[in-house]
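Okay, so chain A shows up in both of these, paired with chain B first and chain C after.
Then we have the complex of A and B:
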């Protein structure tokens, strides 16, 4: 026990000696959460559009005013001819061009029907689609106001559950927490072990009276502590700076965080048993862990919309399960029974990885 | 010149001596490109819906049928308890609840006001918004059809829209994402290889041996840059081939333009890596610093989320983001066939910063310990 404590102390010293890394380690989560909370929005607003107005009459002016006033659009240019459309798209200045026909206002008053052309830059298909549906809704409400139409009898009310103000922070705080914990735990452990191999001190450790299992445990504990502190920092930021609700139990939340960190640590160990240098350990962690954790976890892109093979693969990504768990506890306030399955999967993955890591851990150097 | 070549040779040997580097450098990115391109899609489908039907009429069933038949929704259950539905939302089995009130069909027939409610799990606000939009459209269309059935002729006044989608008429999202992810992979490889290079020599002590050689600073930096530039270009070419032949992304622009810009961009990224490498003292530090910038640059690049939606200060910040420029250029040139005159601003910014950062790297690298 005493030797073990000494070993853990040595690991802590390794970490605290390196001030620059420590600053980054604690600074990064803060910067990232703040960035996400204040800067990054997945919804589309203020999109730059251009208008080509062949009509230049009262109705087209008024409708243009309405479009310019909307938060979705930012009218940046008035074009004079069809040829300018291609030019402005090629510079990437606007996402959409609206073309009013010559008789726009007259047709609208006389025939109650007037055609308008929307040309989208569909190289970004998602934005193109959403913008044109916003525009169509704007047109409809304009027509209703101008021609005094009655609202239809069928009234549809909608409610956004768990997130009435539609804040994207609710997506990002759990996502960022997952990614940072993954990074700190998996990347850091894989690199420390690889470092000992690279500079040759692993040999010294292996011939010491400590059992390999104890060595691993000693390597894991400091990062476990570090990861938990970072998790608390992110949680505090989410709760107090971004007003995230916390509807569930803190014990449950920290239990799950502990489980996920453990899983990530074991993953890191597994990588370090395969990698032979810090550089390879890092590239493997980066490629095999980080990108899938960002893209296949449901953090940014919904998993249910992915092709079936990817949905299957996503089941093997611990981050996916952890994100579901955190959102459930914090936002929906569910108890353990609603997330028992997800927790079970995390436990299973962790055990499986531990077994493989133990099998692969070589106590001899080649 | 000969000195530079010798360093280049040494670097290549060092990289490829490590048996694991080859698959990491050339096979993993390819897998990533393929897998991630399929995953990065904002199109929302497979929305799980619970219909809470209090009406039990043929009309409410027809509406339910219509929703179930659409491409976007999976009908999970038809029931009449909100509590049951709510519990299913809690367990993530249901995304949207649609409540059809009693007397729905009676009111519709007699043109009385009727209210339908939709509840969406809005933790993912974007997905919820899009789901609501789909559902409202289906219901609106349904009610129009029902009104028509009653025989009342009504012409709905309005503005007719004629939508044309340029550059990507089939709205294939991969055309948008694949070039972006290619940028990401090339950047990751270039930044991390160069960022951990000099610092590795520091860590294992070989930097002192290099310092005592008659190699000049600029020769040293160029000799270090060239091998990674070559690897980066090979990486880019492999990725481009996959984009063009596997994903069938169109290539409207000029090949030389995109290759020229890629070289410029790589010089910038490698310079950044070198700079990180000279100011840090261990590979771990370099890695974390590189990772820190990488994450911020990726997220603020407009690759996954639109830049226009950011607040103004954040938009201004993206002007200092090299990934932003490259993502824009590759999309402009590949998909829209923009020429050099359209991207002059991008070229000059990237060229300027490439020179700046490499000079900075050269200055901060000291040959004395």
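Then we have the complex of A and C:
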């Protein structure tokens, strides 16, 4: 026990004396959350659009007024001819051009059906899509209000449960938390073990009467503490800066965070049994852990739209399950029953990895 | 105390150790002398149970290095080739850590490291990474000694250390030996070999010769001359063309020339003068261990 305490104390000293790494460790989560939270947004506001009005009648004027008044759009130009559309897109001034046909108002009143044309700059397909659907919705509501009818005859109302304003922060905070915890836990543990191998102290630790599980636990615990502190930081930022809701139980949330961090730490140890230098450890962690965690976890790209083989692979990625769990707890406020399966998968992966790590931990050098 | 019997070890197609055997008696200061890549580090790792040999047996104090590795790990003090210290921990912290890891305390075994640690005492709050090579070496030795090992294994402890520290270090080893510690030390420096009780000359994973440094030097089979002149390089070149030479090597600012017993001082002098070398001093000398090693390596 005394040896164990000494070991853990030593690890903490390594962590706290390496100021640069420490700053990165705590700075990175904050910067990443803020970056993702503010910069990368899928909702739109004040998007620059242009209008080409062939009709110039009462209805088109009214609709234009409505569009200009909305917070989503900012009408920056009135075009006079079709030729100008190409030009304005090429200059990159606007993302969307709305074209009213010649007989817009007349057709609308008489046939209750009048086409408007939406032309978008699809070099940025995400924005183009979103803008176009916002504009369609605006048009729809105008028709409904003005003509007191439902045209087309079907009226679809969408209600976005658990995220009524379609805020991307709700997606990014759990995502960033997952990535950061993975990074801190797996990368840092694999690096510290590889470092001991590199400077040769591992040779002495192996020759000493220290038991392998003492070395493993001694390496895990300091980073477990560190990861939990970082998780708290991200949570606080999410809750107070970005108004993330927290509808579930904190105990459950931290229980799941603990489980996920443990899983990532064991992964890091597993990597360090293969890597003999810090650089190798870093590269393996980056390539084998970070990329799949970002790309295949459903953080950025929805899993359901991936090809089947990738969907199958994504099941082996702890980050996927953890993101589901966090969103369930925070946004939906579900209890344990709803996430029992996901938790089970995480427990299974962790146990499996621990077994492999213990099996692979060498009592000798090769 | 240490018995090595027909140990072989290969890394892929490279054979690091070839059926190597030797024996270290209790209380001996035993030297493994050989150039880089001779297989010394591999042998140390096998003896410290960090590597498994492909074939052959080795015992430490009667304990098999493969089967009884746990017991061996408790009684061995090991100082790897690189001074394996935590560079971001202070001198004191390093020592305390290794003491705790080996389930003892610095106070308990302070008498063992007293002489060495005294020199480190003024720097005990300094980080190990900021110490000089000689200081790091002393700290590493203190760390290896702190758990009162019965066998001390030192892998090239003097590489990268200044001459004064090297000398001090060997004085410490001699002192430690008086307390009954068995020490196996490897070094590429032949002058250090003469300080050991017994040495094994190792090359390419094989032992060339085992004996006391004195006997090894005495067994030198040729007549040896020390030739000194103002132009060492030229002298060496000319002596290499000398008909009766067996070997000629530069030793600092002199040349050691080995010949058969029929060659006299005059014959060498004549040969040199004919080739335009002046200010020649020639004297017969007793071979050192270095001469033997050079001879064996040919």
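Operating definition for what follows: the second predicted complex is superposed on the first by the 253 of 366 C-alpha atoms of A that agree within 3 Å, B and C clash if a C-alpha of one lies under 4 Å from a C-alpha of the other, contacts with A are read in each partner's own complex, and residues count from 1 in each chain.
Everything below uses one rule, namely that a residue touches a chain if its C-beta (ideal position, glycine included) is under 8 Å from a C-beta of that chain, and two chains touch if they have at least 3 such contacts.
Computed from a predicted model, the values in this text were never measured in an experiment.
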First (chain B), second (chain C), both or neither touched by A:208: second
Touched partner set for A:46, first chain B, second chain C, both or neither: first
A:18 touches, of chain B and chain C: first, second, both or neither? both
Partner chain in contact with A:284 - chain B first, chain C second, else both or neither: first
Contacts of A:199 with chain B and chain C, given as first, second, both or neither: both
Partner chain(s) touched by A:118 [first = chain B, second = chain C, both, neither]: first
Partner chain in contact with A:301 - chain B first, chain C second, else both or neither: first
Contacts of A:10 with chain B and chain C, given as first, second, both or neither: second
Which partner, chain B or chain C, touches more chain A residues: B
Which of chain B and chain C A:2 touches, first, second, both or neither: second
Where chain A meets both chain C and chain B, residue numbers: 18, 199
Residues of chain B defined as touching chain A within the complex: 18, 20-21, 24-25, 28-29, 32, 35-36, 38-48, 89-92, 95, 107-108, 111-130, 132-133, 136, 139-140, 143, 155, 157-169, 171-173, 175-176, 184, 188, 192-193, 196, 200, 203-204, 280-285, 287-289, 291-292, 295-296, 299-300, 304-306, 308-311, 313-314, 317, 328, 331-332, 335-339, 342
Chain A - residues contacting chain C, complex: 2-3, 6-7, 10, 13-14, 17-18, 199-201, 203-210, 363-366
Residue ranges of chain C in contact with chain A within the complex: 45, 48-52, 69-70, 73-74, 76, 78, 80-89, 93, 96-98, 100-103, 143
Touching residues (chain side chain A, partner chain B) in the complex: 18, 20-21, 24-25, 27-28, 31-32, 35-36, 38-48, 74, 89-92, 108, 112-130, 132-133, 135-136, 139-140, 142-143, 147, 149, 152-164, 166-168, 170-171, 179, 183, 187, 191-192, 195, 198-199, 275-280, 282-284, 286-288, 291-292, 295-296, 300-302, 304-307, 309-310, 313-314, 324, 327-328, 331-332, 334, 338
